[in-house]
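Common to both upcoming complexes is subunit A, partnered first by subunit B, then by subunit C.
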Partner chain A sequence: MDGLLQLLINGISIGATYALFALGYTLVFSVLGVINFAHGAVFTCGAYFTYLLLGGAVGSNGMLAGMHFPLALPLLVALPLAGIGAAAMGLLVEAVAFKPLRRRGAEPLLYLITSLGAGVILVNLIQLLMGAEAYALPGNLLGRWPAVLALGHGVQIRTVQLLLLIVAGIAMLILSLWLNRSSYGKALQAVAEDGTTARLLGINSGAIIQLAFAIASFLAGISGGLVALSVNIGGPYFGIGYGLKGLGVLVLGGLGSAPGAVLGGLIIGIAEALVPAKLSAYKDAVAFAFLFLMLILRPQGLLGKPPMEKV
Partner chain B sequence: MPQLMPSVKVLRLLPKWLLLLGLLASCSSTNSNAPVNLKAGLPVGAILSLTGNANVYGQDQRIGLELAQAAFKPGSSIPLNLSIEDGGSDEAGAINAFNLLINRGSAALIGPTLSQQAFAASPIAQRRGVPVVAPSNTATGIPELGNFISRVSAQSLVIAPLSIAKALQLNPAIKRVAVFYANDDAYSTSETAIFQKAIKAKALNTVTVQRTQLNDQDFLNQITSALRAKPDMVVLSLQAVDGGNLIRQLRELGFKGTIVVGNGMNTPNIYPICQKNCDGILIAQAYSPELQTDANRSFVARFKAQQAGAVPPQLTAQAYAAYQVIAEATERQNKRQPLEAKPLREVRILLNEEILRGTYNTPLGKISFSPEGEVIQESFFVAQVRMNPDGRSGKFTLLP
Partner chain C sequence: MTATPLLELKQLGVRYGNIWAVRQLNLSIASGECVALLGSNGAGKSSTLRAISRLLPAAEGQILWANKCLSSFRTESTVRLGISHCPEGRRVLAKQTVLANLELGAWLRRNKKAIKIDLDYCYQLFPRLAERRLQLAGSLSGGEQQMLAIARALMAKPNLLLLDEPSLGLAPLLVDELMQCLAKLNKDGLTMLLVEQNVYAALAIAQRGYVLEAGELVLEGTAQELRKNSNLRRSYLGDE
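Our next item is the complex of A and B:
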């Protein structure tokens, strides 16, 4: 029983990361109806921004070798700043890869290609500037906190993952409140529902789309920083795996559904944790098997709405 | 129907385009029957993992090659004209780099970094008759890829069991062992089989075998499962980035026993990844910076001068040795039978024969090759990682 509880906690903490990541995908999908493939690269940018803001120096293989930010900021300051930096990158991606196509009313497939291209360019830029080496966030970031917290009955959780879980929970709560209570949140929902009607009602849909990109990228940035805190930055391709997993979560939860992204993330995280130890190397296959099954049984995802047929 | 016309046109033109592409490709590659031009030195290529998750090895190796160039170029009658290509960390990257360097007329190749890449890319060199000296491929079966493939990196079969024996010597109470390996990596799967055999040979109990993947970053599930089996020792066959992450998480989750790692973690680049948790891990090595030979003293001095007093790691020493083997074989062959104006194909064959024939005083000690191209090396060592108080730097301390 304790073993099962431990596995559930492992699954929830991993799933929270996926959920946070997929929320960003969902926000953009809900307003544009397309998937932003550069999201993984923005997540990676967030991790690198966090590293630099914490005072980390660039390794020997990048163009910026040896350089570092003059101040070593505390984690609680560095993380939101890294999120803001990632939001700026998200806005850049929107301006370069989405806006020109939106103006021309281009096919959704073209958005996929341009966002994929923007993601590849970002990753290569990171490699050029920072080198391809692995980075560990500098300093004793947890201060006096132990690396692991005992939850009783032999169940334990890494402090970093508890932090990740808390931040993910807070971010989801704020996002949910903002979407449902604020005028901007409601405007975003209106654009998501029907962009043309929203425009006729006086909503600046272009600005709302930019806002969606900024929030999605901010979330990606802070989750990138938190994941880097947990497992280090393995190199410029660090976010690719999470990007693919986030895509699975998005489809499982329901395209464009924020609660669906959270539910999908948790389900995939727990499913991975419950994969027997002997098959643990195949946990990705389990995640994508869920996706496959969902596409067959319920194409709109767990909490997604079925597409309305227009006559 | 009219809209189909362009497709038919395309189909008709396709064979011509393919022919043109073929012609262009053949024009861009060097004719192996053309006489070799040695004015700029003998062209030699190196394929290193400078990007991707194995880049931590490639960086060490690049330093070794640069030091070897500085050491052997002056005074040689035919200096090597070295081109380093990034082979990435996967098979496709290595194959592209091999093709590129072979087509540019390399007389010999050094690389690739990973065994997984070697199984895919080295057969290309074998088919084209280009000698390959592998500086870091330790999986079983590399020299068996063909008579043009040799290596200076002693195979895991020889080295890996030494660290198990040393761990038992340090702590005879070890009985229960947990094994981790990446099941999508040729090096890891090859080395873990050797480790598991050595564990069995020492009458230890393998309580769990946990499989991971090269790109995994979070090992909570595997570690939780392994710790439930209450192991006294954990044996890892993983690459530096995933292995470093796993050690960090393993220690954070409370494992206090012995950790033995394989050759994949034989680089100081693991220090920033597992940080203070790297302290105490055991690793068998094919190189000791403390080896008292002229070749090693000279190599260590060059490395320290370039790297602010740091101690050279094994991968750097092995890359240096790979270059040295080709440089010395070229010199000897050229004295025996001048290479100038010989067809490139013949130069490659002569060079391969000379590489396998020679004995070399390298930083690794005296080495030679079996007829299959397997390195014959005299000394091996077991080291323990000792981290400095900053938790970011450390060193491999050799155990007596």
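Our next item is the complex of A and C:
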């Protein structure tokens, strides 16, 4: 029983990251109706930004070899700053890969290719500047906090996992309050539901789309930093796997549904954690098995609604 | 008319690809007027409105707003000028509440007090909306959605209201009620361009009218003249 609880804790904390990731996809998907395939690369940028802002030095293979950020910022400062950096990257992706196509009223399929291209460029840029090596975040980030908290009965949670959960929880709470209560949140929903009508109300849909990109990329950036804290940065392709899994979560939860993204993230995280250690190499297969199952049983996803319109 | 018209279309042409929806349309609206733009399905009425609010580019000719050319304006900016377009098919934001729809109608305005006054005015005009203000707009009936669409357009505090087929799909009794509301709005000083297939209802409240056929202007005049016109009576009012 305690073992199960431990697995649940592990699953929920990794699932929270997936959820943050999928929320980013969802935000952009809801306003544009397309998936931003550069999202994984932006997540990777967030991880590298976090590493650099914490004072980490660049390894010997990149163009920036040996350099480092002059300050070693505390984690709780570095993380939001990395998020802001990632948001800037997201805006760049929007300006390069999305806006020109939007102006032209291009086919949705083309966004797929341009965003994938922007993602590849970002990843290669990281490799060029920072090298292909793995980076480990400094180990003493937590200061006086213990690395592991015991919850009794042999169940424990890593402080990093707890932090990840708290940050993800707060981010989701703020996001949902913002979407449903603030005027900009309502405007974003208006653009998502009917872009033409939104324009007739005087809403600048271009600015709202940029806002969606900025928020989505900010979320990706901080989740990148948090995951890097938990498992270290494996290299410039660090975000690709998470990006693919985020897509699975997106479809599982229902395209364009924010609560669906959170639920889907938690389900896949927990399902992965329940995969026995012996079979852990097949963990990724679990996410996609869920995806296939969902597409067969309920193509609109868990919380997605089938298209319905009142005549 | 001696004063500068509020809105003037000069030789306006609108097209979709190679197909012309509107050709060489001249039309003007003075401040305070209610002008009807009439014609059957596909005559180019909606395309004209969409060109005015810059959802469609004008392929030729000019759209002048108080003598200023609108060709470089984006849709969002026309709202700022005071043009509020209540689109065909209502297009309420079904997933948001009645109140949120109305608040979004006032998106460009910042004066909270003035917005509140207009909100109360809308609720007074359409009491049904006040009763349902916290319901999702998608759960309203067709007539209520039309009221919401009009009220939302009013929340922008427009100088010119573009109405696209407000009577479409409504029961005759509701059409009467709606037209009375529109007449009251016009009497209170709101300038309107009313697109309608329901010629009889539109000419009851408009002072002047234009009739389009296959994208071209075939008739214009005061409402009284148009009501008497035998061609129009034959085509639209069912007279022999």
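The rule we apply is simple: the second predicted complex is superposed on the first by the 306 of 311 C-alpha atoms of A that agree within 3 Å, B and C clash if a C-alpha of one lies under 4 Å from a C-alpha of the other, contacts with A are read in each partner's own complex, and residues count from 1 in each chain.
Basically, contacts are C-beta pairs under 8 Å (C-beta built on N, C-alpha and C of every residue); 3 or more make two chains touch, one makes a residue touch a chain.
In this text, all values refer to a predicted model and were calculated from it rather than measured experimentally.
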Touching partner for A:278 - first (subunit B), second (subunit C), both, neither: first
A:199 touches, of subunit B and subunit C: first, second, both or neither? second
Touching partner for A:232 - first (subunit B), second (subunit C), both, neither: first
Touching partner for A:177 - first (subunit B), second (subunit C), both, neither: neither
First, second, both or neither for A:190, with subunit B first and subunit C second: second
Comparison of subunit B and subunit C by subunit A residues contacted: B
Touching partner for A:3 - first (subunit B), second (subunit C), both, neither: first
Subunit C to subunit A touching residues, read off their complex: 53, 55, 74-76, 79-80, 84-85, 87, 91, 93-96, 100, 103-105, 107-108, 138, 152, 156
Residue numbers on subunit A that touch subunit B, as the complex places them: 3, 6-7, 10, 13-14, 60-61, 127, 131-136, 138, 147-148, 156, 158, 161, 227, 230-232, 234-238, 241, 272-273, 275, 277-281, 283-284
Subunit A partner contacts - residues on subunit B that touch it in the complex: 50-53, 55-56, 59, 182-184, 208-213, 215, 217-218, 220-222, 224-226, 228, 240-242, 244-245, 248-249, 251-254, 269, 272-273, 275, 392
Subunit A to subunit C touching residues, read off their complex: 183, 186-187, 189-190, 193-194, 196-205, 309-310
